[in-house]
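Below are two complexes that have chain A in common, paired first with chain B and then with chain C.
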Partner chain A sequence: MSIRDKILSRLGAKPGDVIKIKRDGEELVGILMPSHDFSDDDIVVIKLRNGYNIGVEVSDDTEIEIIEKGEISKRIIEKEIPFDPSKPTISILGTGGTIASYVDYRTGAVHPAYSAEDLAYSVPEIFEICNIRARILFQLLSENIGIENWKILAREIANEFNKEDVRGVIIPHGTDTMGYTAAALSFMLKKLSGPVVLVGAQRSSDRPSSDAYQNLYHASLVASETDIGEVVVVMHGESSDTYSLIHRGVRVRKMHTSRRDAFRSINSEPIGKIENDVITIENDYRKAESGKVEVDDKMCEDVALVYFYPGMRADDIPEKKGIVIMGTGLGHVSKNLLSRLKELIENGSTVVMTSQCLYGRVNLNVYSTGRELLKIGVIPAEDMLPEVAYVKLMWVLAHAKDREEIKKLMLTNIAGEIGDRTLY
Partner chain B sequence: MNYRDIGFRAGLEIHQQLDTRKLFCSCPSDLSEEFDANFERFLRPTRSELGDVDVAALAEAMKKRKFVYLSSKKNCCLVEWDEEPPHSINKEALEVGLKVALMMNAKIVDEIHIMRKIVIDGSNTTGFQRTALLALHGKVKDVGIETVAIEEDAARKIEEKGNVVKYGIDRLGIPLIEVATSADIRDPKHAREIAEYIGSIFKVVGKCKRELGAIRQDINVSVRGGARVEIKGVQYLSAIERVAEKEVLRQLDLIEISKILKERKVSENDIEKCELRDVTDVLKDCKSKIIERGLKEGKRALCIKLPGFRGLLKRENSRLGKEFAVHARIRSGIKGLIHSDELPGYGIEKMFVDKLREFMELGENDAFAIFIGKREIIEKAVEGVKERAKQALKGVPEEVRRALPDDSTEYMRPLPGAARMYPETDIPPVRITKEYIEKLRRSLPEKPEIQMKRVKEKYNLNDEQVRQLFNSGYLKEFEALAERFPDLSNVIARTILNTIPELEKEGVDLSWIDVDILSEILRYLKEGRFAKEAIPDILLELSKDPDKKVESVIERFGKVEIEEVRDFIRKVVRERGDFVRERGASALSPLMGIIMKEFRGKVDGKVISEMLREEIESYLG
Partner chain C sequence: MSIRDKILSRLGAKPGDVIKIKRDGEELVGILMPSHDFSDDDIVVIKLRNGYNIGVEVSDDTEIEIIEKGEISKRIIEKEIPFDPSKPTISILGTGGTIASYVDYRTGAVHPAYSAEDLAYSVPEIFEICNIRARILFQLLSENIGIENWKILAREIANEFNKEDVRGVIIPHGTDTMGYTAAALSFMLKKLSGPVVLVGAQRSSDRPSSDAYQNLYHASLVASETDIGEVVVVMHGESSDTYSLIHRGVRVRKMHTSRRDAFRSINSEPIGKIENDVITIENDYRKAESGKVEVDDKMCEDVALVYFYPGMRADDIPEKKGIVIMGTGLGHVSKNLLSRLKELIENGSTVVMTSQCLYGRVNLNVYSTGRELLKIGVIPAEDMLPEVAYVKLMWVLAHAKDREEIKKLMLTNIAGEIGDRTLY
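Up next, the complex of A and B:
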């Protein structure tokens, strides 16, 4: 227990209490704040009346007392979500991330949206275009979202659509792994009767400059006004708050650590864009179907995504049922790995080749290494993104009976993940 | 004015830009002439836990503005774009801030926490300004220092047209030290003295920017019966005094106006129930350009009664009419309004004023305001006018105002509430150890008054020169030069304080000047290669010379033998003998011109004048 915690617990002080600390002959009065992750162990953080937080060093000799117990902040927003029968209804299924969060100005803590109402009310303009049905499924940072979560999401999305009045579904999602989830849902959901829109924010919504508002608002437009029957990602198209892009779920990748326009369609054009409240469709898409949405969420989890690097050793490649390699250039690995790959394939593994270049198509016919890889049975993944090939391989391995079928499925365009023409 | 009797209270907030890299990224802190990129954003107030939004934030949001940011790769990166999290706090800037705090005997906090202060007028791309409290409770002279903080400067506004505001983000992120005094200031003159003293502390600590706009002062002023008004952006030290004086007069006048309104029995309800009336027909034959143009564009003229406000809208010390116009503009974007206290005027003749008064069914004490525009916009504008008119009943509203070039002020926004700060979670707190503070304490410069006294005595300057050297921020350069050329200390002071600023005022680019070049010039002066009068001309010549070869320029201003000068003077006097005889001693100044033409920059004018006097006298016998 840190010295701070010892002193505070002896005092019985909790964040939110008004405390007085004697320091250097002076009395400092302020609200006790939760301690910062990086604060030193002997520092108590208080918020002064002028709004500033400061850290005050404490020791066993420090004179410190509680002046006033803090009130537990009450949340008043429990407004009902309005319903207008003339408007389409969409569902929002929350997964976490920074798209809807609030600041507690008293303590300065940032809380995620607790309820669906909170989430919807973070952009009340949405109610002008559609009715909202909202639920929180998980409260997860996107790096913690895994295969089980994809399955739950797929089933819940299907449930929402199969309640006949739902026009589209929005999935607010942390941005880091949004591309993986989008790809997984693309393979798992069949006969979609409306758009599934993944949306996120690169600047959290506790900031006035957050991109969450535009992204969520535009996602709602796509979910309620289009007949897209695919999983798509809607995010900022450029740094400005001008337009958003509709990316195909199996073609999109986060290409920047922090920019608003981090999401880019790779080896394909976005389906469309939203600007000034108007959706413009610019490329082909799969139309929504009537009838029930089906879920096919079987996945083989024994798959690895392996990044090749110079100096890689044979035993750096794990033994898995499926291995997606991110090779160099057209799809290569160094010679010393060939025997390892050959051995893995002979023992029943599937090895798929993608490129670390991300842009462009792999081609194993051009150089001798490529030809040898082909010879031992490596499957070139065309112009598929490595992460998408990884998700797809999990799905394919759970569905194909034999090697032939695995190969055939991997090279068949299922959800728009493969193009037979490489666009310029 | 007896400021004690009227209950004068004032505190200062002084912001000084630092000459380091930016506070939360590694961009240089210079401003750009040119931009190479731009982007557009909107800001919205964030909801707090209780679902309420700050008043000040809300006032901004009501304007629904689009912000266009101009950027240059030279001094902006993704941090200014709000496209990358801030880096750790700049250590050099932090150290300057801590030294300033120590110079004021303020108590430095044990751990510094960076906060976000919500500001959604667009001047910060994030919608908040990052700021951190460094120290509390210091003192300068007889005035308490409440806080010393370090913060990032805001973007600079370039243009505002309708709902679009353009900012340059070169300035965004430049470190600022903010010093806030307690409200101990006794009168406007005292405010100026304290501001000057705080300014001189920045100067002795160093690493502070010196150009215009590098120091910005806010002053909080109130009088008894008035209210706390924060006046932002006073750029000159000398203006502080005048701004405070004018604000006092304004507050006293507003108190007076509220009394008059009370006598006239005006209530909030009287103001609220006033309705807009369409007066387009009443004004259709009016020859006023503003009205004619508006009506031609298909706009309407709408009028609102201002009950009991006749004679109160444009007084010597307050301009309520203008306040109404500013509130109307902020609410609706409308350009302005015309109020009855400025009529007849704007080409609206008395006949139309009478017609309007009749049409609007105004009483003797009622005023009115006319708007030209679309009805829905004017309706919004009127809300702003009514709100401000109601405040007039009570006297002085608490608010933030902006200092204008004539030292008057204009409404900016309501005073922000206290709860506008929350932690900047992207930047770790900074522990300040006792050892570090001790180390800083040992490296502190002399106090300004000690340094002033020393400089004055050592270099034999007068009080005014020392004061000016301090305020100019070039004391260090002065000392470096005066140390080497003690005999020339007055020449050095004059060059720094007068010659250089005067040449710059004339548009001469002297940005190349540094201590090395000046000391080279001074060395030649000391060697007697030219007369000190030549310094302005030498600088002028050098500014035209891209290679800045001091020696070659100096040659052109070479000294002449004194006998040569005397011969020349004697010749001039003799050649103009008739004139000299006719004018006697007063021939001196016309002849001076002729002689100076020959020797300007080579011989001291005083010497020539003396010789000329002697030669005239001897000629006349």
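Up next, the complex of A and C:
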């Protein structure tokens, strides 16, 4: 049993009770929130009157008492969301992930009273800038978000814009596969009438070091105040709580397992940043359009992303309709794989070459290996991220009628995934 | 026919002839070198009297004449390598790659007179600091360097130290898989009595922008002057010709397809840098030992490196003795793959988890997915690079007698591949 659980059980306190904790001479009063398997052993989470959840370190010496017994479900349901017709309305469609972690998605013990509104309530400043419509679509760790989820998301986002006339949509999402989802939505959604902002947290909101508040607040600013008509990712720009970056959905990658500034734009600068409540646009973006948002969510699921390594054998490359290879350097594989790739292409597969370097552009014209690959029909994916090329190939294979159109679409810049020149 | 070939054919000039080219009022005299498929169409490469190869842009207006007819093979063979007993002797073992590109490895038209000495002669300053023993072991594009090549290299390196008593060994190598080779040599070579320095070039030495000279010169300084007893990579530290970095062989990764400063130390700072002929050591390293270098090159080749992506199916994971997965975030895969991994492990496979984030450490204790993976026996590879974990698993599977020892060795820091804390 953790220190927290020992202290709370001795006290007889349960989630929903209003408790008072003394810390550094200060008295903190709030609703006791449930703890999680992944909460630190000595952190008690309480929801303050202003709506914030905070984590308080406790020890056997901590002065702590129950002010009022209560039920957690009642506490949450009681809240009413203010509506202000002078403010823009944005929609929050929850999918799970660390940012929603006090919902306890991760342990499976989801309390029905927890809602996406609660997510918004964790950052009460949001209500000063916009009205919130909030729904939970999924309660998934992002490693379990798949192609079907992308399609549902795309349709629900279009619905929010077209039927509910929201100004922007926020998608709280686990960080693990947020880049893949952002890319998929970028290809599926056309003529966006407002920003679609994916946002996550690297540290759950019951931790003092959580990045959930800043990221969600900044995402709300972007959804409420910009005329961006693209799918973007808003996450911490540096490790401390200074600014967030607006990354293009097809250019962003999680580049660190745990840091709060893990998300980086690759081969492209971020669209802009948010600092001190001010959004600064620093690069070109697609502007929101008037009219209906269109959804084009057909995907071919028979696609693989294959990492090349020395010692790879021909039969390590699976037979699929589409194969995106992460080659070395400018886009190379060892020569023992060439006949396999040739055979696959002759049998109708599409093979696309990206680079495991991640940064930079593939170029199959420089070395003989590259020229051989071009000759057998491998498509060089320019400066596209491998993960984005994978998602795009699924989309392209479901839309192109023949080999020529597949190649043309793969090499056409559809959503900002291909750049003219390569940045480091 | 290229402009260059037209001009040279009109003139009747052949490789080996001494020619004179006027450029900007200056007269350049040197031996005409062969051109390559990947040379720019309007660049003529000549070897100056000081040994440098330079590329000169030519057009129809360029004044150019033959000074003396000659044969390229004779020109190179004529050269004698100076030997100075007061200087350390280092060994250069050529493997191919862009750094040796004027050897024309890439077109297959390898001229027998071209030698690894010639590589050294391209940077005559090297002879001011050391004596050179030079041999070509392979003439391979690095994407074609495989496990057998690693073994030959390890044995040849040990031979150079043990039988020829060289102070250090330089391995010119293609950049594409230099990180893999550096990792393999790091595990195979024990008790190194001097530095093993892998070096490459992102631009071939017949281009004005080549990084071959600086990299090779700096590699020679590291091989001649340091007491490092590790396998390291020496490459440009930034895009311009300012300084080079000494990267630990198990911590380095090619992070850009074309930039000269493509190589980066990941989750670890470089060991040091070389600037203005001065080597500055900035971090811990293993010191060279006296006595014989040992080679332990047994490898299990039945290992795969598998990239996880949303939509991956259970049968996309091959059955191998060893499987290194590049999971998302802290080391996750979707839950539909768990039973496949469980089955593989029960059938005797070793499954190791790394992160496609590259930066940071995997941690399977934070989320339920990770805990499930731990429960079925997946080994978390700490902050090891995926490519290094792949090479290490091949080595470990050939050395450990049972499952417990495999796990113990994978989690033991053998060559600096695992760190205590994680750097960004």
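Points to keep in mind about this one:
Following the convention adopted for this analysis, the second predicted complex is superposed on the first by the 331 of 424 C-alpha atoms of A that agree within 3 Å, B and C clash if a C-alpha of one lies under 4 Å from a C-alpha of the other, contacts with A are read in each partner's own complex, and residues count from 1 in each chain.
Convention: a residue touches a chain if its C-beta (ideal position, glycine included) is under 8 Å from a C-beta of that chain, and two chains touch if they have at least 3 such contacts.
Note that this is a predicted model, so its numbers are computed, not measured.
Once the two complexes are laid over each other on the shared chain, residue contacts for A:Arg259 go to chain B and to chain C alike. When the two complexes are overlaid on their common chain A, residue A:Ile145 makes contact with chain C while staying clear of chain B. Contacts of A:Ser240 after superposition on the shared chain: chain B is touched, whereas chain C is not. By the touch criterion defined above, A:Val56 lies against chain B but remains apart from chain C after alignment on the C-alpha atoms of chain A. Of the two partner chains, chain C is the only one touched by A:Lys335; chain B is not.
Of the two partner chains, chain B is the only one touched by A:Glu26; chain C is not. With both structures placed on the common chain, the touch criterion links A:Leu305 to chain C but leaves chain B unconnected.
Chain A uses residues 37-38, 106, 108, 257-259 to touch chain B in one structure and chain C in the other.
Across the complex, chain B is touched by residues 23-24, 26, 28, 33, 36-40, 43, 45, 48-57, 73-77, 102-106, 108, 110-111, 122, 202-203, 205-210, 213-214, 238-242, 257-260 of chain A. Residues of chain B touching chain A in their complex: 39-51, 57, 78, 81-85, 107, 109-113, 115-118, 120, 125-128, 131-133, 136-137, 146-147, 149, 418-423, 425, 428-429, 431. Chain contact summary for the complex, chain C toward chain A: residues 37-38, 106-108, 141-147, 174-177, 180-181, 239, 254-259, 262, 301, 303-312, 316, 318, 326-335, 355, 357-363, 366-369, 387, 390, 394, 422, 424.
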